[in-house]
Amino acid sequence: MLASEGLPPQKEVVEEVQAAEEGEVDPKAKKKEEEKPRENGLLETDYAKRGFHLDVQVNPDQVVRSAEILDSEGMTMEMVTGVDWLKDGQFEIVYDYSFTGGELFRVVVRCRVDREKPDVPTISEVFGGANWHERETWELFGINFVGHPQLERFLLPDDCDYYPLRKDFKL
Amino acid sequence: MGTESISGIETSVPSSIVQFHMLDQLRALARANSLWPMTFGLACCAIEMMSAGAARFDLSRFGAEVFRPSPRQADLMIVAGTVNKKMLEPVKILYDQMTEPKWVIAMGNCAISGGPFKFKGQYNVIEGVDSFLPVDVYVPGCPPRPEALIEGILELEEKITGTRRWPRVKPETAVKG
Amino acid sequence: MDELIRILSYFVGIAAFLGLNLAYLGWVERKGAGHIQRRIGPKDVGPYGLLQPLADGLKLMSKQLVVPDNADRLLYMSAPVLAMVATVILFVTIPWGENLVPREFDYGLIMIFAVASAAGLSILLGGWASGNKYSLIAGTRAVSQSVAFEIPMLITAITIVMITGTMNLNEIIRSQSGMFWNWNVFALDKSILMPISFLVFFVCSMAEINRAPFDLGEAESELVAGYITEYGGMGFGLFMMAEYGNMMIGASLTTILFLGGWQCPFGLFPGPHWFLLKMYFLIWTIVWIRWTYPRTTLWGLLNLSWKYLIPFSLVNLLVTALFIKVF
Amino acid sequence: MTLLAQSQLQETFELNIGPQHPATHGVLRVKVIMDGEYIVKAEPVLGYIHRMHEKMGENRTWNQFWPNLGRLDYLSAIAYNHGYAGLLERAMGIEVPERAEYIRVITVELNRLQSHLLWFGAFILDLGGFTPLMYAFDEREQILDLLESVTGSRLTYCYFRFGGVYNDVDDDFITGTRAFIKRLRPQIPMYHDLVTKNVILMERLVDIGHISADMCRKYGATGPVLRGSGVNFDIRKNEPYSVYPELDFDVPVYHECDSMARYMVRMDEMEQSMRIIEQALDKMPDGPVKAEKAPKILKPPKGDYHFAVEAARGTFSMRTVSDATNTSYRMRLRSPTYSNLSLFEEASRGMLLSDALAFMGSLDLVIPEMDR
């Protein structure tokens, strides 16, 4: 679908910057997350199967940069969420971006952090809407968004001391 | 519900030798016919509560359409929806702020038992408001239809006065007629 | 002695009339709201729901009285009483018929405006004494509203006084005798702006008595229940009754000043029935407006008063003075 | 309170709106710092109806999760059903029969109509007008009757299935829907006459609650809020799903960015929904309403899936992480009002309290959907 529509301009920019920053781009990467977590890089995905066009995995310190790039392209932050990969001992933070300006284009940016020390910089400076999403992710997973202005209890009562969406959560 | 009629609390506890039975009954009748609910919607059931007060079902026929936003003026708390741990304290405060005499209707499965949100290991939902409120009438359903809520209010009136507003429609006659 | 009996009988009469009215205006409002809103309204409590006000009244009387912790006890308890007392006093001056007036004052109009201000005061008092922030906001709103709308209302009343040359309410009515074009509202020969000043007066009286669309003191969707948020039971009941009472006063005053009071439209059989007819028509209009219009904001309200109504009423005053001088 | 200097503190006071307040339509709480009647800062506090939908997504099988969709946003529950059905159909590659798609579109649009009708009433109620609510409810009951006849419930629908819908529509439904649209169509101009052109309403909506398109983008606001800010974005057009590409409808866009624009967008959307329903009724083919080959046990292949639909309040998108078992590994529900409300804090600064509450009403909030 992406090929038939012609690649939107965002894609090249992202790719370029990512290439410059990481030095390794793996556009032909296939699904190899069967055995181990996939490596950083870009992945074109089949929209009809997955629901998004571009799947980007970055390091935690590149999250803000990627948000800035996508912001300059006029993309919208749709949601931020976390996934607990208990088996790998990692948290995955997933950022969904979409384009409301016309052509259909969806980007997923994901990064993985260690479960023991889940620190990731906040993008709420770039996208104000990320504030609540990050706060919620912090609350439900315990992922620490460094630099977030208000990392307080949000959906749960103020005296909660558990992270209910962690896979090892037991009440 | 309704197998034995319980007249008001006043008549069951004799307060003095002289009983103003007629007066008590009149008072109970007045109370039953002017049950003002509190504007207090929690979730899905609140919409059905609004429906019950709105054009087609029209709760006002029984004098119960005066939804008061302030708990001080309300007689009836309809707990319409899920109460979770964060909402527990506000609900308690609201109940305490209501002036006596006051009644509680637990509307919907969530308010009765936690409903669909009760599962092993759940971390946030109160399983039934009767764990902290004296519930008078339970109206099951997810959400209950407006007719069910109206029936709940009539049931509450029966509980207050000891008599049904009019002869209850028996299921068999309802089917025939 | 005769005087005493007269006053006592009027007292009883007014109390009965007032009690009946205040209760049943609530019924009218609920039933009217029902019919305006594609539903039935109260119907099962007595025939046509006519026993509904009794049930409500009895219930409110038997409700527990609560004084909130951080309320000023004395003021909290006295505010609804003050509201009700002011309303009842106002009824003393209303001439229901030519000889049917409890106490005829030569300065009845002044008396009404003087006492009516107390209604705004009672709202402020209730709002402040409740110790609730919503009530406080409502109280301040009600006062600024009251101040803003008393001015155009008074100026419009003064034009009437200029035309009729008296402040005695009965005299004002007498001056409008004859066919209905002698009523002040149609008296274009006295002042060309009369119909508009009737509207101004009516709008101001609606704002003065805190009725929708000017019910900023109660503002259900913003301030919970405004100044009555903390009042339950009969405190609430008294405030409500005072509101209906004020509604009656506002409608009566408009009737007296503009619609010829107890005068018949065709100069035949003047009497209290005409007065009541006109008053209830105006009350029904107020109820009707309440269920039709959304609420204004405080700023919209004050703008209306200071930018439009007050300048207009001043112009009206000048025009009337001109008419009196020239013709 | 730390945000304010001590000198400012003496002039401001804190007001707590909610969790039980007539203007919040449920249990939203807003902590407001006010300076007289003006808002200095208004901070929404959520969580009073957090019902663990995402957790339940992880411990229910794919089929068991259906009822939750009806209880997320109880006003546009069928659109949420559509989102979930679309997600799994995308993941599993299930083909949906055409008749089922048309039935889906018809029910979703009926649901959208009743949601907008209820919003219309509740919004005017926020502004202090009581009667439109009753009119809207009267119309709404007709829709509920129609939907009840085919789905079996009045509010919390659980109607869709993977690969189709649960129940075929009958002729009564079709004639009833046509009759209803015939009835509703003249009502909307009547609402405009009675309500929209009211002076007080204009005064309260025009130029109140300004949200720029860029602010919408930063906060991820979608739906009528975005379209009221002049952005022509509708998932039904921009990311077509189901049979929407085959239907002819317009996306109402207003450029004023104020509460009135959002109001007009919703009013116009009702007309568009009626157009869609009529066309869909005309075009609906015969055939099965459920895919024959839909698997009984669902185990989507490993990986992430994403699906977005246009619910009544904006983009509802679902993201699931599947680990090829019969439950989801992670279920994320992106609710539109969550993002729409997040701009309230910034947009409401310096507003009058009554205007801010009117503005909040124009965002069309459904709290359980926000808290999930």
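Order as written gives the chain letters A, B, C and D; numbering starts at 1 within each chain.
Here is the rule we use: contacts are C-beta pairs under 8 Å (C-beta built on N, C-alpha and C of every residue); 3 or more make two chains touch, one makes a residue touch a chain.
Predicted model only: the values in this text are computed from it and were never measured.
Novice: Which neighbours do chain A and chain D have in common?
Specialist: Of all the chains present, those in contact with both chain A and chain D are B.
Novice: Name the chain whose C-alpha centroid is farthest from the C-alpha centroid of chain D.
Specialist: Result for max centroid distance from chain D is chain C.
Novice: Can you identify the chain nearest the overall CA centroid, using each chain's own CA centroid?
Specialist: D
Novice: Decide which interface, B-C or A-B, involves more C-beta pairs in contact, and give its chain pair.
Specialist: B-C
Novice: Need the CA-centroid distance for the pair chain A / chain B, whole Å please.
Specialist: Centre separation, chain A to chain B: 47 Å.
Novice: Averaging only over C-alpha atoms, locate the centres of chain A and chain C and give their separation in whole Å.
Specialist: Their C-alpha centroids are separated by 63 Å.
Novice: Counting in whole Å, what is the centre-to-centre distance of chain B and chain C, each centre being its mean C-alpha position?
Specialist: Going by mean C-alpha positions, chain B sits 36 Å from chain C.
Novice: Starting from the mean Cα coordinates of chain C and chain D, work out the distance between those two points in Å.
Specialist: The mean C-alpha positions of chain C and chain D differ by 43 Å.
Novice: Mind pulling the chain B residues that touch 2 or more other chains?
Specialist: Each of 54-56, 69, 86, 121-124 in chain B touches at least two other chains.
Novice: Quick check on chain C: which residues sit in contact with 2+ other chains?
Specialist: 37-39, 220, 224
Novice: Which positions in chain D are in touch with at least two other chains?
Specialist: Within chain D, the residues that touch at least two other chains are 21-22, 47, 50, 52, 55, 134-135, 138.
Novice: What graph shape do the protein chains here make by touch: line, ring, star, complete or other?
Specialist: Topology of the interface graph: other, matching no listed pattern.
Novice: Judged by the touch rule stated earlier, which pairs of chains are there in contact?
Specialist: Once each pair is checked, the touching ones are A-B, A-D, B-C, B-D, C-D.
Novice: Quick one: in the complex, what on chain C touches chain D?
Specialist: Residues 33, 36-39, 133-134, 137, 141, 212-213, 215, 219-222, 224, 291-300 of chain C touch chain D in their complex.
Novice: Give every residue of chain D touching chain C within the complex, in rising order.
Specialist: Of all residues in chain D, those touching chain C are 13, 15, 21-23, 37, 124-131, 134-135, 138, 198, 200-201, 203-204, 352-355, 357.
Novice: Okay, in this complex, where on chain C does chain B touch?
Specialist: Spelled out, the residues of chain C in touch with chain B are 30, 34, 37-45, 49, 51-52, 54-59, 62-66, 220, 224-225, 228-233, 236.
Novice: Could you pull out which chain B residues touch chain C in their complex?
Specialist: 26-27, 29-31, 33-34, 54-56, 58, 60-63, 65-66, 68-70, 72-73, 75, 98-101, 165
Novice: Within their complex, state which residues of chain D touch chain B.
Specialist: The contact residues of chain D facing chain B are 19-22, 25-27, 47-52, 55-56, 59, 67-68, 71, 74-75, 118, 133-135, 137-138, 140-141, 154-156, 367-368.
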